[in-house]
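For reference, the structures are reproduced in the following blocks.
Shared between the two complexes below is chain A, which has chain B as its partner in the first and chain C in the second.
Here is the complex of A and B:
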């Protein structure tokens, strides 16, 4: 579904991503892990066409990102941003925010579809005429998810979808995402620095450090700690310590 | 088909209601600011005197009455009469129309021009930004009154030309403001979300970025109105604004200058009117800034 070959991204003289390759199967949930600044979010933004200066090959479905038309791409892949407080226009109602992509792409029955999407993500029709500042962080992130789904994409790119939220709300959002993936047959690429989130959500993952891909792992390997690379082990240990240290979160399956 | 249309109308109605309730909240917060309310009251009085001038006026503002020329304020002529015996109170009432006309014309032209130029420049960046902002700089570098003078001298004196001349010098600050706001929001996630949905840059600028520039521009606009009144009065004073016998306040002060030592009221009364109205706009502007300025709100 997604194929990235030798992707490199430069911001001026700084290298954000270097020679990263990965492929994601249709219906799969793929994780990108690394500390901040490792280039994982940049990969997502580049795939969505938000960065102009990149080299390599990116294919989504049968669209080549260099040659394909933007209108086709937006129907296949959409993105959910990290911060739900910054991703909704403060002057637009929730309903308008969800309807905007459909209006841009001249779809019909926008009103009915907006209500349907609101119900799909666990809000009600009453929320349609609220403004973002009247909603909680978790509700806003639900709205952002509904907006991303409004064009019925098959691929959803999630950039730290829960890191701005309370722990209690994180679980709700992750379960919602899992349900949506099952029901709508979506392909996920999830960026996170939280190994627990990745382990709960993803079948396979890639670890990134300093703009480079370090290691590919399956969920089973992650859970048993079967890793080749020192950096991955450090990351793994750090998240273990974090979890036992704070006691706030239990095992990787804590969200289930 | 009708069902779809009905729900669509219903959607629009609900949307209006949601916006109205936001506005009500804003109005309630505004009402909590006493100085702002005074400003609003002054503006209300100005509007009322402009609209109801024929009903409120005690005399014909244009009719000379040489017998009573330069008579001091009295029961007959509340604010006295000028050198042709015209009632100053009535002239000030009618003058409110001219003041509002000029302020309205200037604001209605300069704010949108500045808003569009600034928002487009800030959003597009690159050479578009450079070209637009250098043009803005050029206009900012020219002294306001001088450019207005040159413009009026070229087109001939008159109220509309005076308004155009002020517009010419009034739009650049709006462009600067709008650009600054556009720079802040152009790479925000909610604008990127529109890009991801395939929205054109045109749609992004006009539907998503401009609403965010609007509050700064409105604040600046209210604060600017006092300055516009003063500039218009200045042009009237030197004889390049409204022409006699129009009761423009600046022109009235100008004629009163000749009698300022003996018949003080001829120049003082329109001067007071300018002072009070400018003060009103300033108070209103301050209150608006407290409520709307995104930078103040971010800090709060």
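Here is the complex of A and C:
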């Protein structure tokens, strides 16, 4: 579904991504992990066509990103950003925000489709006439997902979709995303700094450090700690300590 | 907890709502802080940040604060004049905020910002002595090249370095109480571990009291001695951090259950089914 070969991205003299290659099968969920500045979000944004200065090859479905038209790309791939407070227009109602991509693309039955999308993500028709500030953070992220799904894409690019949310809301959004992927047969690429979220959501993952891909892992390898690169191990240890309390100061397996 | 630093009883914070009504955001919170690491956990809007800001005395003026008791090291904070509160802030009570990008002055070199914090406490120190203190505290928060970092501007620092500079600025005056409001939420996990270790070291070595505010229950339980769980403006449970699994309140249990784990099950995550009774006062 997605094929990236030797992608490099430069911002001026700075190298943001260097020689990264990966491929994601149709229906697969793929994770990108790494610390701030490692280039994981840049890979995602480049695939979505939001960076112009890149070299290499990117193919999504049968679209060659360099030759294809943007209008075709947006029908195949859509992106959900980290911060639902920033990614929704504050003076558009929820209904307008969801309908806008469909109006731009001259689709018919926009009203019915808007209601259908709202129900799909667990809101009701009544939410159409609300403004973003009237919704909670979790509801806003649901709206951002509905907007991304409005053109019926097959690929969702998710950039830290839950890191601005409370943990209790995170669980709801992750469950929603998994249900949508199953029901709509979507392909996911998820960027996160949280290995637990990636392990829960993704079949395979790539670990990035300093603009390079350092390791490719399957979920089974991640779960058993079967990894080669030192950086991946550090990340793994930090996340385990963080999440399960098995650090040096706590006895192992405290919370099972 | 050998000695009580802070006592808060029945703290209430309210804001004016529409039509002259008052909306209570914190509804009668009582707790004590000793020379320990106290965690406060809760979701957005639970009142955890407001409570700690009331303690610092940095709430906006339109907030109505009332309490039966609010004292710090024997000083009655409710009666203390603004001059006394100002002397306490920075000097004996410090606060670290979530994002160093918004908390540091963007047009001032970080070394000078720390020096300013020292000078505000003691104006009689010589320039050379202050510079020495800044370099020492930068080293204490594990910054490798303090001489170089001294001359950097905040935008030249990484997130983890910026947060360490913030911590340096707060601990250089050796406060007795440090309030850290989501100090590591903006940081990468590997950096998070380092920052927590630095704070832990400072608390142990200098005998500070630390109030650590976070929405991440597991992080708090690993790091702190005691944990207060807040929900809708009230403390619903107080726990020994080592006995987190004995939590009885459904909200706490729900929070613990809804986190994915690296080797956890792949079935749908349990979500919180909120109960209206959680928001009511306990008998």
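Of note:
Here is the rule we go by: the second predicted complex is superposed on the first by the 244 of 256 C-alpha atoms of A that agree within 3 Å, B and C clash if a C-alpha of one lies under 4 Å from a C-alpha of the other, contacts with A are read in each partner's own complex, and residues count from 1 in each chain.
Everything that follows uses one rule, which is that a residue touches a chain if its C-beta (ideal position, glycine included) is under 8 Å from a C-beta of that chain, and two chains touch if they have at least 3 such contacts.
Small disclaimer: the values here were computed from a predicted structure and weren't measured.
Three-chain overlay on chain A, with chain B and chain C fitting side by side and no clash. In the superposition on chain A, contact of A:170 is made with chain C only, not with chain B. In the superposition on chain A, no contact is made by A:204 with either chain B or chain C. In the superposed model, A:93 makes contact with chain B only, not with chain C. Look at A:140: by the touch rule set out above, it reaches neither chain B nor chain C. In the superposition on chain A, contact is made by A:223 with chain C only, not with chain B. Applying the stated contact rule after C-alpha superposition, one finds that A:40 touches neither chain B nor chain C. Once the two complexes are laid over each other on the shared chain, residue contacts for A:131 go to chain B alone; chain C is not touched.
The least CA distance from chain B to chain C in the superposed model is 9 Å. The residues of chain C lying in touch with chain A in their complex are 43-44, 158-159, 188-193, 215-219, 221-222, 242, 244-245, 254-256, 258-264, 266, 268-272.
Contact residues on chain A toward chain B in their complex (touch as defined above): 48-50, 70-71, 74, 78-79, 81-83, 86-91, 93, 95-97, 100-101, 104-105, 109, 111-112, 128-131, 144, 147, 150-151. Looking at the complex, you find that chain B touches chain A at residues 4, 7-8, 11, 14-15, 17-18, 22, 188-199, 203, 208, 211-212.
If you check the complex, the residues on chain A that touch chain C are 35-37, 137, 166-172, 174-175, 178-179, 193-197, 199-201, 222-224, 234-236, 238-245, 247, 249-250, 254-256.
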